[in-house]
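The data blocks that follow each hold one structure.
Same chain, two partners: chain A is paired with chain B first, then with chain C.
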Partner chain A sequence: MNDQRIIFEDVSKFYGEVLGVNRVNLSIPPGITSLVGPNGSGKTTLMNLMTGLVRPSSGRITVLGMSTDEPERLFRKVGYCTQFDSFPKGLTGYQFVYSYLRLFGHPHPVADQLATQAIERVNLGEAAHRQIAGYSKGMRQRIKLAQAMCHQPSALVLDEPLNGLDPLIRAETIALFRSLAQEGLHVIISSHVLHEVDTLSDQVVLLSNGYVVAEGQIHGVREEIHEHPMQILIRCNKPSELASRAFCEDYMVEARILPDGQGVLAKTRDADRFYLLLNRLAQSGIEIESVAPADDDVLSVYEYLIGEEAPTK
Partner chain B sequence: MSFSRLPWALWRAQILALLRLEVKKSFWTRRGAWIYLLAFAPAVLYAAHSFIELKNGGRGDLGEDTHIFATVFQFFFLRLAIFFGCVGIFVNLFRGEVLDKSLHYYFLAPLRREVLVVGKFLSGLLAASVIFCSSTLLQFIALYCYFSSNTIQNYLFHGHGLQHLAAYLGVTLLACVGYGSVFLAAGLLFRNPLIVTVIILLWEAVNGFLPALLQKVSVIFYLKSLCPVAIPESISSERGNILSLIAVNPTPATPATAILGLLVLCAAVLALSTRQVRRLQIDYGRE
Partner chain C sequence: MAVHKRSYHSYVGQLTPAWSRFLIVSRYAFRNAFTSRSLFAYFVLCFAYPLGCAVAIYMNHNLRLLEMFHESSFFTVDASFFYHYQNVQAMLAFILAALIGPGLVSPDLANHALPLYFCRPFSRVEYVLGKAFVLIALLSLVTWIPGEILFMIQSTLAGVSWMWTNLWMAGSVFLGSAIKILVFSLLALALSAWIKRKPAAGAALLGVFFFGAGFGQAINAVLRTRNGTLIDLASLLARIESQLFRQHTTRLTAVPADRAWIALLAISAFCLFLLEKKVRAYEVVRG
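For the complex of A and B:
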């Protein structure tokens, strides 16, 4: 089972006196996992730790059952697209990916085929034989991504992979991540763009000042935050009646009719009981068009947990 | 795992892949034109000397020129040109990648760090040995080219000419091996390699005055022992000047001991480098 997970056991990393991350315990399953937090929260440090670029000051990390001290084994299964925007000098995009594959010991035909496939997959085929020095920021980002996935790894670690991509390419790249996750890969993504993470991730790890403040599926994390009532948006034909019936219940905090008069924003301390109430109200003649949680997105969770301005939305 | 079951074929393929990436960089390092100037300066001077001799009738003294070659080779070529050339080439093998923020690409490949050190060392060695051995050869040609073909043939084939040339080329190669390994390690161990370069330069200069055991912890001790022509008496003993202090080699090693000693020194320094690379973390922010 542990061979399928990325595991941090009580991991701390200090850069001299400066805290990188502190006492991190994580067990990351396959699928898309997002590391979310503002600059300096420890996202890149976690990624560098799980790929062995930095070593933990204390604790233990295993990636798919392997130690991060064995690059010769680890990087046959792991690909890492770092945030560093620097490249070996004088190489074309193709040479960059191809030469990396030759370091695996692959003969020319295999390296050539894998490099071409990876470059096509990030839509850089036409620019493959141009010097990287002449690439745009988005193209550099994509060639790094091609290099990280060219050897068909089981885990892909991506530090801010959507930075610098235009909206069209961004959508294509997100679709690529989803298809990789469906193939059973671990896709670990760091981001401070919360709405992207929200729609993309199977699970999130929220970080603040080097500490993991929450982890898991975003809805599950939200339900654990009891001090902030759940907000639920209901679209219905009789909002005043729904609001007055709801307000009789002791677990309701607020029921506000929406400005357009077509629904209610309810705040409740017990979402399960509120949903049962809605069922009863529907049976009693109120037509309910839609029910949707209003604050179980990453942004809200982040603000509730960290209590400071959330990263860029 | 037994020695024979180690993945030698994989390591060989990885080293060749590394060489393909590194050799071009090693031949043309960051702002490295001065290495070529330093390497080929003696050849240019010898060519000028030959040109003047030719203009004066070409009646030079072969013996005197042989001593000139030996002196320039030991005082300038070994101690300064190859020394600083290796600083320029080998210090940058890792240090240059850290400054360019591109070392992590190697660390993200399924590559043993030992293989990385060996591959990088070989790429530097290839560049340094091609540059400096070709310079040695050119110097030899430039110095003797003004003599008549009979004199040259006699010197090469009936005297010690070819022997000397082979020995000088061998010493040049070994100097690249020795200084290369030392400066590869310096680039890994020290953030500012300039200070350690000066310290090594001084250590090499006072080698002749160190206790016998400490003399062996240097590159120049072995190289001096292998040079085929002794420095002329007039420089090495009579005047008591600074050059004589540097040239002194009171207890030279036999050629076999010198070659073996140098290779052992190189292996020890490379082992130290490997240990350092295994512990190295990517933290460009601190550079």
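For the complex of A and C:
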């Protein structure tokens, strides 16, 4: 089982006296995992650690059953994309991807085939033989993605891969991440675009000042935050009645009728009991059109746990 | 929890030998080096002197020419001949290293490209070797390779006995060139790694030679010593060259050959140390 996970065991990384990450314990399954946190929270350090580019000061990291001290094996299974535009001068997109494949030791015909496949997969086929210097920001992001996945890795580690992409390409790229995750890859991304992280990720890792403050599926993380009552939005035909009945319960904190008069925003310390109450209310004649958590997303969790204004809403 | 069916398979086909992968880096570095026409023209110019020497050796053995001028030979092809050849080519090789060297590592550092190299099964040693190979190959082409060809031409024309008597000179040509190539390459790469701007790195390389010589002589004059020469790379190389070609040095400030060897080894080790500090996937920032 452990050979299908990326595992951090009590990992710390210090750059001299500067803290990178501290006492990180993580077990990342396949699928899309987002690293979320403000600048300097340790996202890039965590990525560098799992790709073996920096060594931990203490602790142990295994990636798909391999130690990060085994570059020859590790880098065949891991693809990495930095947040920087790191392009050697004068290369075309194809040459950029092809040359890195040759570094992996792929002979020419294989490197040629894999480079073409990767470039096609990020929809840059037509621009493959143009110089990268003439690429737009979005094209550069995609060619970086192609170089990260060209050697068919089992884990993709992508630092800010959605930066600079226009909405259409962004949607295409997210769809690509999803398809890769469906194929069984680990896709680890860092992002500041929280609403996208929310819709994109199977699990999130929230970081602050080098510490992991939460990890897991965002719904599970939200349920663990007891100091902030759950907010639930209910659309119904009798909001006043629903609010008054809800107030009779001791686990209710607040019930506010929506400005349009068509629903209630409820805050509760016990969501499960509140949902049971809603069932009873529905049976008693209140027509409930929809029930949806209002703060069960990365943005809210981020604000509750990290306590800073979210970077991008 | 999303359900992920593992339908994805990694590449399991044949791979090229690990030892040869550094040549990929060299290949692109070669291509970049020769994008400049003026650099290519200079590279071609570096063969002018060896070509002239080859023609001179041929003429020196051309009986019709010798008879025409009533000479038994125009000049003697001996250690002094190869010593001068080595000095001329060393100067040309140094300028070539100053033109090519700074563009090898500094662009990768400026572009943050090192993580992309090192997230492959590719080590820092292989990276440095790949970059150094460009300089080693090009400097070899303008130093010891034409030098050995000149030796072979002379041996062919002068006969086997000349070759056996002077075979040590072939060794000196190779060894003297190899030392210079090693020092020039390490210095150029180290400066390229520490100075991100190409022109500044090139200027620094020239500065190490010319200011080193100036400071060395100043130290010698002020402190009445010869140890200032230890920071004068040109003098150190010249001292070793004179030892290899059994030439008597007349310079008062010349240091003993063993000290010159040690100084060059120390400089090379320092360059390796500089490269080790800088050629990393990530720069270590100490707060």
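Operating definition for what follows: the second predicted complex is superposed on the first by the 313 of 313 C-alpha atoms of A that agree within 3 Å, B and C clash if a C-alpha of one lies under 4 Å from a C-alpha of the other, contacts with A are read in each partner's own complex, and residues count from 1 in each chain.
By definition in this document, contacts are C-beta pairs under 8 Å (C-beta built on N, C-alpha and C of every residue); 3 or more make two chains touch, one makes a residue touch a chain.
Note that this is a predicted model, so its numbers are computed, not measured.
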Combined model on chain A: chain C and chain B, fit or clash: clash
First, second, both or neither for A:V18, with chain B first and chain C second: second
Partner chain(s) touched by A:Y80 [first = chain B, second = chain C, both, neither]: both
Which superposed partner A:V110 touches (first chain B, second chain C, both, neither): second
Which of chain B and chain C A:R55 touches, first, second, both or neither: first
Chain A residues touched - chain C or chain B, whichever exceeds: C
First, second, both or neither for A:A175, with chain B first and chain C second: neither
Which of chain B and chain C A:V253 touches, first, second, both or neither: neither
Partner chain(s) touched by A:A133 [first = chain B, second = chain C, both, neither]: neither
Chain B versus chain C as contact partner of A:A292, first or second or both or neither: neither
Which superposed partner A:G184 touches (first chain B, second chain C, both, neither): second
Chain A positions touched by chain B in one structure and by chain C in the second: 15, 48, 51-54, 71-72, 75-76, 79-80, 82, 84, 86-90, 99-100, 102-105, 107
List of chain B residues in touch with chain A within their complex: 9-10, 13-14, 17-18, 20-21, 24-25, 100-102, 104-113, 281-284, 286
Of all residues in chain C, those that touch chain A in their complex: 1-2, 4-11, 13-18, 21, 24-25, 28, 31-32, 35, 107-108, 111-113, 115-123, 281-282, 284-287
Sites on chain A touched by chain B in the complex: 15, 48, 51-55, 71-76, 79-80, 82, 84, 86-90, 99-100, 102-105, 107
Interface residues, chain A side, partner chain C - complex: 4, 15-18, 29-32, 48, 51-54, 71-72, 75-80, 82, 84-91, 99-100, 102-107, 110, 114, 147, 151-154, 180-185, 202, 217
